[in-house]
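Read through the structure below, which is laid out as structure tokens, and then see the notes.
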Amino acid sequence: MKKFIALTLSLLLVLTFCAGCGGGGGSSSGGDVIKIGVFEPASGDNGAGGKQETLGIQYANKMQPTVTIGDKEYNVELAIVDNESDNSKAVTAAQNLVSQNVSIVLGSYGSGVSIAAADVFADANVPAIGVTCTNPQVTADCEQYFRICFLDPFQGTVLANYAYENGMRKAYCLSKLGDDYSVGLVNYFVEAFKNLGGEVVEEQFPDKNSDFTSYVANAKKAGCDVFFSPVSTEAAALIIDQAEAQSLGMPILAGDTWDSNVITSAAKGKNVEIVVTTFYQEGGNPDFDEGIKAWFEEDADAMTNNGGNTDLAAVTAMGYDAYFVALEALKAAGSTDPADVLGALPSLEVSGLVCGDVSFNETGDANKTEAFVKKCNTETGAWEFLKKQSAE
Amino acid sequence: MEVRLNKKTKSVLSAVCIALFLIFVYFGDIMISPGSSWKMLITVIEKGSIYALVAASMNLLNGFTGLFSLGQAGFMLIGAYTYAIFTIPADSHDKVYQYFDGGLIKWSIVEILEGKMGVLGHYLGMFIPMIGAGLLVAVIAFLIGIPVLRLKSDYLAIATLGFAEILRAFFQWNTLGPVTNGSNVLRKYTTYNNAVFPVLVSGICIAIIVLLINSTYGRAFRSIRDDEIAAEAMGINLFRHKQTSFIISSFFAGISGALLAMFQTTINATPFNTVMTYEILLIVVIGGIGSITGSIIGAFLFTAASEWWLRGLDAGRWLGISASFMRPGFRKVVFAVLIMLIVLFYSRGIMGDREFSWDGFLTWCRNLPANIKAWPEKHKAKSAARKEARAAKAAAKAKAKQAKADSEARKASGEALFTPLPVADHVVVFDKEGK
Amino acid sequence: MDERKTVLKLSDITMQFGGVVAVDNLNLEVHKNEIVGLIGPNGAGKTTAFNCITGVYEPTNGSIEINGNVVIENHPQGKMKDTYKGRNQGKYTNTLTMLPDKVTKLGVARTFQNIRLFKGMTVLENVMVAMHMNQSESVFGATFRSRKARTEEHSMREEALKLLKKVDLYENRDDLSTSLPYGKQRHLEIARALATHPSILLLDEPAAGMNPQESDDLMNFIGRIRDEFDLSILMIEHHMQVIMGICEHIYVLNYGGQIADGTPEEIQSNPAVIEAYLGGDE
Amino acid sequence: MGLIQTWLPYILAGIAVGGQYALIAIGYTMVYGILRLINFAHGDVFMWSGLIMVYLITVLPLWLSIILVIIFAVVLGTTIEKVAYRPLRSAPRMSIMISAIGVSYLLQNFALYITGGLTKTYPAIGWLQKTVRIGSATTKMVTIITPVLTIVLVVLLVMLIKHTKIGMAMRAVSRDFETSSLMGIDINRVITVTFVIGCALAAIGSILYFSNYTGINPMSGAMPGLKAFVAAVFGGIGSVPGAVVGAFVIGICENLIKGAGWTTFSDAFTFVLLIVILMVKPTGLFGEKDIDKV
């Protein structure tokens, strides 16, 4: 009897879902609504960063909820899926977006999931704009993938240059096993740093590791001048903590992921020196800064997703920009059809963004020549702008 | 009322159903536009069929041989990598192995055979590394099995889990980078171009598993599951049979790994962790331990629910209900609660240890209206029985309380505390293993 | 004494768990076509002796011969050397062990004290499992239903059905083994053991839980299968009526040690046995 | 001398993390000893204790938070036992293990929902996180406190098991579940007490562990949990001192391996150790041999 109830129930469930999904998808694609897919992690290793990036997109959507394509005004609806920072979930998540008939996709934070999803977008011929995925492989073989940020070879070189110029000669490089972002960036850094004449020690830590004592000790033992670890913010907080506990005694250098309030709050009041390269410098666009902070203040969910305070992360600003790039692309295409949007992207030039103008080269990457170098002020727990650094 | 069809009718029915399904998947994949939400159905069928295969292979071990092994994700990992490594086209090597100078293996089986035999070579080039993946996994399972299969149930579980973790670290090891690409994703390898491919391959593999289970070896496996000691006393070599089951199960796990690699189009070792094994195990449990039909149903339900139907729970709008507590992560909570409910209240899963049969299905269908009609009566009877049981329990409780109060009172009044234990002339000692 | 061939011989079998001697220097012989009883109070070590014979336990000391060949032999080793409490230490020097499935292949089949049928399988399947070891097809052949696999499967089924007819279980062939009434489960266990083509059958309390009528039937049944299958039988039993009724020779154990052996008449009048069962006067 | 100086930081880290594993491992070993169940959810109880601390400390004083965290862990652990394990007591071994995996899945996903997948920073507990110098190494105060506290707690626990009535009951139940129930021991009470002790120690372990490694996310319990279980197997499951020794061995070895540059395999090593011990001495260092009844 029990079994019978269970079976009927599940049958009912199946039917409702099928009907619900089928009907729902069909109706919302018509009318005056246009869908922009947001392909970001809300959980997993990159959950924190993904959420901050999504916040930027949501804020932009709040500021500019409509777009005029041709002569018609459309309401922009965000279709957000969680790719769980997991390559195997990324494919179905991306498929889910595509099946919701989105015109363009934004994301993802973390390069691995973007690479994994690239084929889905390519198959469906839906354009995607990478916001902060810096691995060159994202756009390299995928005509549908564009991006508005700089690339790892560039960032790695910038970081190496910065380190070398500041008299650091031996670098300890720590990446995470199985994480293509950190492994890739370390690779480019090592290449550039060695070319400059530096020396490196490379190590990797396994998934779910939270004990960084030995890595910090290894760096000290090797007598390095700089601790380079462009890993996820989860690990970053733990590394900072151990660096303080063991008096690391050398600056920690990292890439764009570390430009986050997770780092500043972890470093606040600690005796550590942290330098990062990033896309955006707070204060570069005061209107945007104030606006989004005000939004954080009034929207409790947004505040929580930002990590509980109003400090602004570069990825949020990038998310904001990405949304406007998408709108411009839609306008240029004059249609909501993904294929038309894709056609309009390569020649697109967008100015007036908070992180600088965007135009794409032949692989679909943004033409960026400079990165911002920031240092964490451990007394105030805020980022301080150091300089703009180029790859040359 | 029971329905009994003759063998021929059943075969025809099955063949027609299978053919219809394959045709539906084939044309579905071609004709449904990517923007339609029905496309998701095809995706679910693809992924579901791959998970069905790995769940069936796990069921062969856990449900039919009684070996609680948690190494499935590790075996899939090897399968996925083996397939991917040998099918990356030659001119993509530099891009894929960008940090390892184009890698060690600079050719692709698919390309070589395609050059020689055309389209046939293309598919042959896909099948050979896929079977190779299965065989390699089988060899590794053979080696792992030598020490591990001598362990008892939960030690076996934790040891296989451990091996899967070791394998993962091994595949990400930078020194092996020229082959495995270290921590970086493998991509650009040859994949199938229609969803019917994984469905067909999984279907054939599952059919083989079913044939095995119904053979004399399958009977031997089940006897080991039911009672190891009795099976041994019947002349069944425990270790050899466990090993056989372990190797065959791993072979199919390897094949499903290769299929998963094709489905995902990129492969990285990180997701092949314990969580993945647990998910496969939960599929087996939902479907019913000891039922291949159940594993298949479980795989499709699990994939559909987690990747499609419940997604709305994360987005804040689901079945027309919207609420602020439906934020990212809620889907997984609901899902986990559902699974716990199944584990606790329907511990036999959807199918228990029964398999699908046309007779059973048609009988069930025919009796359905009658059962539905009889349901209120039955329900009433059941709830009455439950009420009675509850009342009896309450009465017993009250009685016990009274007895306790009495004894307290007697104790207080200084009566002797000694009450002789009832003398049992036959003490039944249960088996600790719970066999 | 008995001129018939010895099919099973236990010499000085001692089984010690930690400091407890469960079986102490057991010497026992079973001749061809003989029915031998092994009796003794609870905890006397009878089932342990069975487990030593069938290879479930490795005896601490002593040797076991099946059909004239020594197949199991052991002597105290390692830590046991110093803690060994039994006799005849040093008499045996070899170490021969055998797994239960090998013992069964040599023609020694057994039943269990607490019935151990394969719960998830039908009556017929239970019997067919026991024939698995005699089939020769590989796992591939069996899976893909080679001609050999099909003929073997067919003959296995035929033989199993024939066997079930002989033990009156033919009607129940498609029932789940655990759904059978208790007495029939005992019969099925014996049928399953017979399916391995044994020459020696070890029965562990076959009449446990049976009423006098049922045990009478069982007695006849055991006698019948002995003749029909040309068996030698060693049985543990508490029902004196059964033991005295069919056994030709009886061994009595108490606290692991062997206190008497002989014909039923001898045993019935043996004072040591009476004392063991009824307790002596202090 | 130079050698010790180089390796001191690793050994210190190893001892600290070993002590923390030990506190978790006791829960595993005791539950396994009695129920023959790998309580997969134990690592998640540990993670949840950490998480609750993060939330409690924002509103309550430190001492009260610590007490409440321990109470919370105990309540959570015993509830899991009551809801997910007790109804399945007579079910096959595999079902109850699957139930444990299911609970673990639920706890992790619930934590994911509550935290939104973000790593929470563990509150600084005053002097526990103070930096101290030992010889050539600098480390946190908690590194030194952990082994001392662990040893004290374990000694207390062993005394409890050896000398009290409930301890005697626990030993009896772990030796023979059914017989002791026939002897009139209230099995359910013994099991509850076991879970209470195990979870309380896990909660204390979580305070020490997360003071040292200050980030908590839903998966934080998984790895320490598995390692603690391996430690319990290593020491001989069912044996409390064995689990403690095993935990220290694993903690120290793990850090030495990282120090030697084999960082890729620091986790894999734990499992290699597990498999080696199961091959060579399946009962672990201090375990007793189990004899099958036929």
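Labels A, B, C and D are assigned to the chains in the order they are written; within every chain, residues are numbered from 1.
Simple rule for what comes next: a residue touches a chain if its C-beta (ideal position, glycine included) is under 8 Å from a C-beta of that chain, and two chains touch if they have at least 3 such contacts.
Computed from a predicted structure; not experimentally measured.
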Task: Check every other chain and keep only those touching both subunit A and subunit B; list them.
output: D
Task: Considering only mean CA positions as chain centres, point out the chain farthest from subunit D.
output: C
Message: Distance between subunit A and subunit C based on Cα centroids, please, to the nearest Å.
response: 71
Field: Distance between the centres, which are taken as Cα means, of subunit D and subunit A, whole angstrom
entry: 36
Statement: Here the gap between subunit B and subunit D, centre to centre from mean Cα coordinates and rounded to Å, is 29
- request: Mind checking the centre-to-centre distance between subunit B and subunit C? Centres are C-alpha means, answer in whole Å.
  value: 40
- prompt: On subunit D, where are the residues touching two or more other chains?
  reply: 112, 116-117, 222, 264, 267-268, 292, 294
Message: Give the residues of subunit B touching no fewer than two other chains, as numbers and ranges.
response: 168-169, 172, 174, 229, 327-329, 332
Query: subunit C: which residues touch two or more other chains?
result: 56, 112
Statement: Listed in rising order, the residues of subunit A that touch subunit B in the complex are 1-4, 6-7, 10, 13-14, 16-18, 20-22, 24-26, 29, 42-43, 79-82, 86-89, 91-93, 95-96, 98-101, 112, 115-116, 119-120, 123-126, 136-137, 140-141, 175-180, 183-184, 187, 202, 204, 206-207, 301, 338
- request: Write out the stretch or stretches of subunit B touching subunit A in their complex.
  value: 34-41, 43, 47, 92, 95, 98-99, 168-169, 172, 174, 182-185, 187-188, 260, 263-271, 273, 276, 301, 304, 307-309, 311, 314-315, 319-320, 324, 327-329, 332, 345-346, 350, 352, 371, 375, 378, 382
Statement: Seen from subunit D, its contact residues with subunit A in the complex are 6, 9-10, 13, 16-17, 112, 116-119, 121, 129, 131, 137-140, 212-215, 217, 219-220, 222-223, 254-255, 258-259, 261, 263-264, 266-268
Message: List the residues on subunit A that touch subunit D in their complex, please.
response: 41-44, 47-48, 51, 177, 203-215, 217-218, 220-221, 233-235, 237-238, 241-242, 244-247, 262, 265-266, 304-305, 307
- request: Show which residues of subunit B lie in contact with subunit C when the two form their complex.
  value: 208, 211-212, 215-217, 219-220, 222-223, 225-227, 229-238, 244, 248, 290, 353, 435
